[in-house]
Amino acid sequence: MYFASDNWAGASAQVANALLNAGNGSVPAYGADDQTRVAVDWFSEVFEHDVSVFFVATGTAANSLSLASVMKPAGIVICHDVAHIACDEAGAPEFLSGGRLVSIPGARGKLTPDALAAAIARYFPAAVHHGRPVAVSLSQSTEWGTVYTVEEVTALAAVAHAHGLKVHMDGARLANALAFLGCQPADITWKAGVDVLSFGGTKNGCWCAEAVVFFNGKKAEDFGYIRKRAGQLFSKSRFVAAQFQGYFDRGHWLDNAYHANTMAKRLATGISQLSTARILWEPEANEVFAIWPKPVSARLKAAGAQFYEWNPDGLDETEKPRDDEDLVRLVTSFATAAHEVDHFLKALGK
Amino acid sequence: MYFASDNWAGASAQVANALLNAGNGSVPAYGADDQTRVAVDWFSEVFEHDVSVFFVATGTAANSLSLASVMKPAGIVICHDVAHIACDEAGAPEFLSGGRLVSIPGARGKLTPDALAAAIARYFPAAVHHGRPVAVSLSQSTEWGTVYTVEEVTALAAVAHAHGLKVHMDGARLANALAFLGCQPADITWKAGVDVLSFGGTKNGCWCAEAVVFFNGKKAEDFGYIRKRAGQLFSKSRFVAAQFQGYFDRGHWLDNAYHANTMAKRLATGISQLSTARILWEPEANEVFAIWPKPVSARLKAAGAQFYEWNPDGLDETEKPRDDEDLVRLVTSFATAAHEVDHFLKALGK
Amino acid sequence: MYFASDNWAGASAQVANALLNAGNGSVPAYGADDQTRVAVDWFSEVFEHDVSVFFVATGTAANSLSLASVMKPAGIVICHDVAHIACDEAGAPEFLSGGRLVSIPGARGKLTPDALAAAIARYFPAAVHHGRPVAVSLSQSTEWGTVYTVEEVTALAAVAHAHGLKVHMDGARLANALAFLGCQPADITWKAGVDVLSFGGTKNGCWCAEAVVFFNGKKAEDFGYIRKRAGQLFSKSRFVAAQFQGYFDRGHWLDNAYHANTMAKRLATGISQLSTARILWEPEANEVFAIWPKPVSARLKAAGAQFYEWNPDGLDETEKPRDDEDLVRLVTSFATAAHEVDHFLKALGK
Amino acid sequence: MYFASDNWAGASAQVANALLNAGNGSVPAYGADDQTRVAVDWFSEVFEHDVSVFFVATGTAANSLSLASVMKPAGIVICHDVAHIACDEAGAPEFLSGGRLVSIPGARGKLTPDALAAAIARYFPAAVHHGRPVAVSLSQSTEWGTVYTVEEVTALAAVAHAHGLKVHMDGARLANALAFLGCQPADITWKAGVDVLSFGGTKNGCWCAEAVVFFNGKKAEDFGYIRKRAGQLFSKSRFVAAQFQGYFDRGHWLDNAYHANTMAKRLATGISQLSTARILWEPEANEVFAIWPKPVSARLKAAGAQFYEWNPDGLDETEKPRDDEDLVRLVTSFATAAHEVDHFLKALGK
């Protein structure tokens, strides 16, 4: 009953096998090999666009170096209060980009165009003292398990671009968002105004496959140097390339995400039907937030369930757990089995 | 005929299989899993010491963050003129550590205690203007394919420690050095005075397996934060752990290195017997430096050989190639086949 | 009618004369001169403590390098939402310290022990992902013109120290706070738990006289290097030393501050007696916040008054200006004349 | 007998008086005042060019932020082995610019076009591993008291520009170079190819007056942010502006430099006539390097002379002092008196 995080799973069989088969022969290092070229072609096909793709080691690196690529001196990146870059990356975005984050609230983990516009407005007229906004970063799907619609991303990007800001998307769980939206990857990224994307494969079936994707080659110009200087240029690039090939092949990545989302739905539906617990809101991706009496948490853990209590900061007062309740986060993944969900629901329902 | 670099090979079968088998089940992320614990135990056993081990993504990251761990404001790291950190890491050591490198010459890629002492002496008496040396970094084996003896490392470390400097070893090719020296890993590291080690597995049979090893727990204190802030903390840590398990199991790593060194020896011996070429010096690890008439390089490449012309800067005048000659570097690896060497020698001898 | 900022004034005659007299003879550079020693002795006398003092060029530098001196990898400094370091220093604190700021709200520009404790609590139990709080920074007086009492600083410092955080005080307007409190400099700094202080002379009568003051020599150890590496070590140190000598001599600095505070009081009292305007709260230092109908601002500016409209973010709803009103900040200084205040009040009252 | 450095002197009377007169009235802070505008106009007049000027606190800051303004990720600045930025600024250029310095030798402290071209050539063809040269930095006058001719600067700039590098000039002692060359400031800067200049006033009669001068407005675009983020934006900008006004007025700065150079010449000539000492070469600016028997140094210091023994690294073997000799540096300034020189010569000649 593993619902702690989607990075607790290993690699999917399809990805693991692709990697196993990648090792033959001697090929150029540092990404000048054919397998890397093929993987990059996959990206261009998936996004229906001629993209520039750079593999990096972690989602934190993808985010931080994406932001470094659009940074200017005294630059500011605007993001949501619960954005991964703001809360869970130990200052790497600031350290690696040289910039600063300014976070703003928003219901259910989403920025709104109005709030973004207001946050930007504080820096105009420009004054060196305040620094200057250079980008907005959106998490898709969000840390609260919700998903921006195409219209929402488009509207946010319009606000950003109108003021000269670039749009970064933290796509650590982009696949889950796509599985929910049913749109094409292009629709929710460059067509909606995204300039640079952190594309995550690790949480959704890979061992270690993260990429920074530029939809405009010019912006990628310096990135080779940015990546190398950060110690993020793999010598045996094909080990990531192979994973991505397995990941994209025959829609495996979307299948994985669809499965994870389905398991989240199953979990949420099950919880909703119990009198002992409730869900915070309908899951859109692969994260379910549930509220139950505090003793339940301990009981479930004793029964072997893995999950984290979650910080309710930023929720509306009406949404927050009572003092005698826990808010918990339950994450499903490509590896979550239906019987695992059912077993959990049974334990919860007792 | 692949002699361009030891990072052109893929993963060894033993390492690849270890990785294939690592994926089952759901385990804690970020290194809190059993496989990571087992891999760390391997390190302590290999080094006969209770070590602190941190996986990172690349050799550049291992070096840069090792140096970050011993850095102070206005700190200086002394290294050899041809050190990888000085020449091939795009400023990552400076960027990630906040310090500065000062490089000094030395025959055959090695620092000498006298040269090190002289370099340090320039910073005493201390003055803020000049910064302050905080560490010396040794490459073992060196960029010129030579290997420091235990006595040499011990003497260098003694000079460093006498002036309050820490000793870092860039062990991207430590295995090759050990295969040459025939000593224990402990002998050439902590027993000789090394404080922090970049331990490389990637060039010698892994896909992506690099670690920073501290021989003194206290110095490792901050390292979890240093690594995370640099975007170098893998979520699925076991994918590195599994590689290291396969790497260490039954002496696989030393077998690989011994093989690579043997192939280098075979190559060097073969070249020595030809009238058309000469070797710069006897290889000690897995790199052969050869000199031959310029037209030979083109002819060999046309025949399918892969290698790099090398910069003779820093060689003694008597060692340097003549104007009509090329200096080339030939690197062997665990994957180099004897017939590949022989085929190359035959092509060279024509 | 200059109420835009206390840095619009020049230097006081006493400070200017001290500087004029400082230039004779040739003395050692970089702070090894007698005048610097005398100025440092002034600090120790003023603070009744053996302090370490380092001159720097600006208040931003003093704050940023103070924080650098207590920084650790992935370190976080907690401050108020309107702190100068958070809003007006263009990311210098992050850039120069390598750390990150987390800001929290608090009535009238002040942090409270409870809010501080809650902010710290989010980082325990420790996890590398979140970074780690290393310091709290207090502004004394605050950006809202209020002053922490000795009890308040003591209580905040107790919370900070209990969790291993250092206490930094941004004393750009420390003199004004002292003039309000009537306590000794020691009482509100090291005796109350302050570890490192940005001591500002520029706003209160100097041209350029800012210092970082350590109350514990050990913490100052690295600071010479930190300052030099930031390009903040003056060669002709005595030009700052002379200003500080003039500043401290015969209580000049406190006289200046007392005068500025008195002018603020005069301004506030005058505004309170008018029907056309109101003050936000009683000024404690040298800043008055007033609210009046929007047309008034333009009229006053046309009459030659200098001041800034101010951002009401963070005020209680009951305190905020109505939509047809402006919130303005009026700052007095050592150079503000009583007739200037009266002239302004007359113009306002029309 | 003060020959330790030209920063041991105070401010000249003309500069000190200008500063004394600067303090009247209340004016906008942060450089938006008339006196700053007037000072900037002085620069444009002096350089016969529409320049962008930014005051900073120190020469180290001027150099470091100049380099920051032309930096790119993984960028390298090429400079001379004895450049101030390489030897005496504690890593500030690297810290504040994010780049790396690569230093090369050259007789008498000067870079040569051939050596520069060779240094640049090592980075082509481009490879991320090696970083990339973005600028060359020239010291005018040099650390060895020599002066680049207009032809020399022009030739170096041509090499730099041909490879896309910018040209930075460290003009901490530019005035002394101009006094030697007798050319116009424009001739040796923008007309010769200099893109950005560190203009120093401190060593030549000011208290604290350093500026970064851009000869191309576009390159200055980000500099306001770069300066503020480094804590180098003075609030009371006019205190620097006033010094520069006094400095430029009626050619005061060139008079000062001419005097310093003349004193150096007098010193060198005097030493040349003694049998007990010799000069390394004819001084071109305000620094004399002399060689004499070791006991002489102690004797002179006992007699009240102030100077530094100097490191002979980088000199030709024929130029170096013998083991029983000291190499010393003697620096003159605007404040050096002829009788001081004569007194010193007398003491030396005993």
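Read from first to last, the chains carry the letters A, B, C and D; within each, the first residue is number 1.
Here is the rule we use: a contact is a pair of C-beta atoms (placed from the backbone, for glycine too) under 8 Å apart; a residue touches a chain by one contact, two chains touch by 3 or more.
Everything numeric here is computed off the predicted structure, so don't read it as measured data.
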item	value
Higher-contact pair (C-beta pairs counted), C-D versus A-D	C-D
Same vs different contact residues, subunit B with subunit D, by half of numbers used	same
Angle, in degrees to the nearest 5, of the Cα rotation that carries subunit A onto subunit B	180
Centre-to-centre distance between subunit D and subunit C (centres being mean Cα positions), rounded to whole Å	35
CA centroid of subunit B to CA centroid of subunit D, Å	41
Separation of mean Cα positions, subunit D and subunit A [Å, integer]	50
Contacts with two or more other chains, residues of subunit B listed in rising order	30, 74, 89-91, 95, 98, 128-129, 131, 225, 228-229, 233
Subunit C residues touching subunit B - in the complex, by the definition given at the top	30, 68, 72-75, 98, 128-129, 131-132, 222, 224-229, 233
Contact set on subunit B toward subunit D in their complex	74-76, 87-91, 94-95, 98-100, 122, 128-131, 311
Parts of subunit B lying in touch with subunit A, wherever the complex brings them together	2, 4-5, 7-11, 13, 16-17, 19-20, 22-30, 56-62, 64-65, 89-92, 95-96, 202-203, 207-208, 225, 228-236, 238-239, 306, 335
